[in-house]
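Below, subunit A partners subunit B and then partners subunit C, in two separate complexes.
What follows is the complex of A and B.
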């Protein structure tokens, strides 16, 4: 670093600042919009930071009477779902995303273990698995709707959990596989030689070593599930409402998209992801620097 | 209680490679047997099958006469020291040692007692509270050995346990390991590619190549009577000399000429005339300063100094041969007179590479 020429340092720092601005601008705009009053949402020229900050958008999200009040004041009618509160969508998303992440990571870990240690399915199997995920979801969504309705899975928690688990499993297997590969088979062998069954050896020796990797995989899968829109849209019809659907529902016949309300909901829904990431931060770093495990 | 091991007709194939092919071998109770061969010869695969990590495609593995094929690794009562030791780095040395006992459900007090006893026996007491991650290679090796011996395995498998150690540690350990094995009357299968380790510790050696056992015998036998060119070349340090030779037969009597020595009578046998190989240990050549009746003068190319002995590398026809001499023997000399007695040389068939004739096996040391 010290040997770098001053202009190079300036260039490097500018590049970092530029990419930070690009990365953080959407978040800034989201939060900024969420605090704007109704008439400033779509103003031109844009209002970067409002002079009249308000929590009204957040009230509309969380309190049905505020939403009704707002609808009346705007002389338009809100969609019926919007007039309900967003609490239920947070609850639904939490249940579905958490359970689907849990199943995806548990099955993914077991499958990855089998692929690594027993060469299950042969050399290319994990890649074949991943190619399943190369289908654009939109291509499989129509048959899935048909299947789900026959199986009575439409508009149920179980249905979405199943769909999410199935669609994130390839990622789980692919990611966790690489972490398991870094654990010398000899370590498990040593545990087995010393009197442990293979599964117990996996649980006591290998699993603690790949914990960081499994947790970073879980975070990744959770973000996918939490922000999933397409399946949630076509596989539900009102009983189950995820946050992404709820955001899309903030539309009024008279005013079009309710940007401020959507922004408020968006801001709140990023919090769990940030919180989860923060909690497992220590493991994330370990997960990323995993190759340094001492043999 | 130490065990017998019988391997019969083991086969293991990986895709197109036959890693182990028709391997049969018996290890007696309390015996130290080395499986010796270059890397990739199938010895580690064999070990993995005995330990139960790999299932053989064919054949049987029996301990004390009982087939182990359907017995999972943790029930085979086998101890295994891995090449990289597989120390649990997150655990203390004490917990590493207690690991097997704990997995077997041995009570806390008993575990404690056994760990202390084993630590004393292998002089590891000072390491007990250290973390597994903080050990150096030779400490890891010792801990791995202690961790396995503490479970009193019926059969101890060692997979190249010294390949990570430096030379002095190795020499120390060879002696200690042999003593320990004798005092415990422990059956040991020792896998190595290092012939010095195999020669110095084993009761018997099985030399392996390309999935096949080439020869099984005592170190003495393997050294003095190798069955083929591979075994002859693999065993012995400094290595055996292999030179081309020309065979004449009269009746069934075989007479051999080399590039420098003529009329070596190898006794009677059935061998085609023509070019074959002659294998000559570096100790078998007799080097002198003065010419004698059947000596030839050979130019000195270079000298390797091993302290107690020197190895002269002499031009022998188109080849170089090594000849062992006392230190200082070749000082300031360009030519050394060398004679060769047919006793102690091995005649190797050029096509089969098998040793077909050897004369008297006693070799001047």
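What follows is the complex of A and C.
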């Protein structure tokens, strides 16, 4: 293929550059809008890169005083209600995502170990967990609302943690299962010959070997939890606010006229996920195909 | 074989004497199993009950005391144009998005197959969209397709006159930004899957084809594609299932509007349950969707199973 004609090489390189431009453009627009002062948000023609960059939008997102000040200054032109600081949503998302990730990975590791080394439940058993992921969540949302209202779980951390743990378990079980499968059982057998219990052999021999894999799984599941929207939308009503809810609130606040603020919130809320995503880039394919495709 | 039996004896020797109660391996899957049962099985049972009632939380009756209406929800659904429309629209979205994602992904993957400087960095750049929180991606597209957004600006510059079309308010066009947002965000995943598949192809067969003088197109269609079939099958399966659930971009961009022009099945059910509060009716719709999805999945999960085995 190195015998390509020069024009073909140029064409190929241009295609690559074009795809990169398309990949970056919406994000560029989000960040660029987040730096625009109020009077440039809805300009026509739109301003691509502002001459007067400001951090005001970020201040409005995080500091209620700034938001109140802004709302007072725009009295009449915007029906913007101060909905409290976005800190609360970051805090709630961090708590829920971290705990749900913890439970999902611990439960998932135990189950994966049992499935790989004991063949628990037979060959088809792990598929039962996969069907959870195939469920459209919306189909179980109505009965979950009914169930949660009886159990007093609506609008609580525990409710969302329970939902997130269950719906990420298929990923953690299947991903960690594929990592455990990569470690030969003989290693554990060797430790057991030296008198170690089987589970202890797993903990001291196999687990350290798949540490990186388990960590990647955890980051992957954290990303899923952090990004989740539907359950948060339906199972909360104001006490618990995740970042996705906060973003949606800004979008719908005054029929989408808060471009700068909603762009600022969007840019900040997606940052941790981008960071984690690139850390585990190597394992993304494995994760999103439930371990079916390895690298 | 020998190693396996050694392994088996080791396990037998080390296995602790069986105690009362649960076998150890069953106890290990229990936490995962119970969580799933609590969040999936219980709601499924409740759905079975709700689907034969006309429960509406606004009426003040709790769901377990609701009046049964038996089969009437299903009867109504059959004649509900909005439900059927949402179902057909979702299938359309799945077909268009997944097909385009695959086509673009294969094209891109072929570009990235050969070695060139900065290739790794370029891969990382191209997959940026899939790293974004979907709600934020939808948020970005909301701004792009605004009547005063950059898309209209670019079109104005190209056609040379002012173009201020509000995409999201037009029943005929509002689905386009939603599908573009979905394609933009998930083509990178498809690209990564295809690229992984291409890189894992046995080189000998391709080299043999080159030596035998096959044209690049012929090599691609007759050698590479058939070898890629399992990977492509998994990619299509995973993406179809996920796209069928599409909700976030619809909610952020249009909430199913204008009218019901962009209502996908998830959006239809959200609106029915949490805007019109027809919980019983939507439970029936959910049950139908569950049955459809589960039967499709059972039929389609074979390639995944084969690949694993």
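Some notes on this structure:
The criterion applied here is as follows: the second predicted complex is superposed on the first by the 238 of 295 C-alpha atoms of A that agree within 3 Å, B and C clash if a C-alpha of one lies under 4 Å from a C-alpha of the other, contacts with A are read in each partner's own complex, and residues count from 1 in each chain.
Quick note on the criterion: contacts are C-beta pairs under 8 Å (C-beta built on N, C-alpha and C of every residue); 3 or more make two chains touch, one makes a residue touch a chain.
All values reported here derive from a predicted model rather than from experimental measurement.
In the superposition on chain A, contact of A:27 is made with subunit C only, not with subunit B.
Of the two partner chains, subunit B and subunit C are each touched by A:197.
Look at A:156: by the touch rule set out above, it reaches neither subunit B nor subunit C. In the superposition on chain A, A:205 makes contact with subunit B only, while subunit C stays out of contact range.
Touched residues of subunit A, counted separately for subunit B and subunit C, are more numerous for C. Legend: residue contacts after superposition of the two complexes on their common chain; A:98 is shown touching neither subunit B nor subunit C.
In the superposition on chain A, A:186 contacts both subunit B and subunit C.
Applying the stated contact rule after C-alpha superposition, one finds that A:281 touches subunit C and leaves subunit B untouched. Within subunit A, the residues touched by subunit B in the first complex and by subunit C in the second are 185-186, 189-190, 192-193, 195-198, 293, 295. Partner subunit C is touched in their complex by these residues of subunit A: 1-2, 12, 15-16, 19-20, 22-27, 29-30, 33, 42-46, 48, 103, 106-108, 110-111, 113-115, 117-118, 120-121, 127, 129-147, 149-150, 162-163, 165-167, 169, 173, 185-186, 189-190, 192-193, 195-199, 201, 226-227, 229-230, 233-234, 243-244, 247-248, 251, 256, 259, 262-263, 266-267, 269-270, 273-274, 277-278, 281, 284-285, 288-293, 295. Against subunit B, the residues of subunit A that register as touching in their complex are 184-187, 189-198, 200, 205, 208-209, 293-295. Interface of subunit C with subunit A (complex): residues 3, 6-7, 10-11, 13-16, 24-26, 28-29, 31-33, 35-36, 38-40, 42-47, 50, 55, 62-64, 107-108, 111-112, 114, 122, 124-137, 139-144, 146, 148-150, 153, 156, 164, 184, 188-189, 192-193, 196-197, 216, 231, 234-235, 238, 241, 244-245, 247-248, 251-252, 265-266, 269-270, 273-274, 279, 282-283, 286-287, 289-290, 293-294, 297, 301, 304-305, 307-308. On the subunit B side of its complex with subunit A, the touching residues are 51-53, 72-74, 78-80, 82-84, 86, 88-90, 99-100, 103-104, 133, 144, 147-148, 151.
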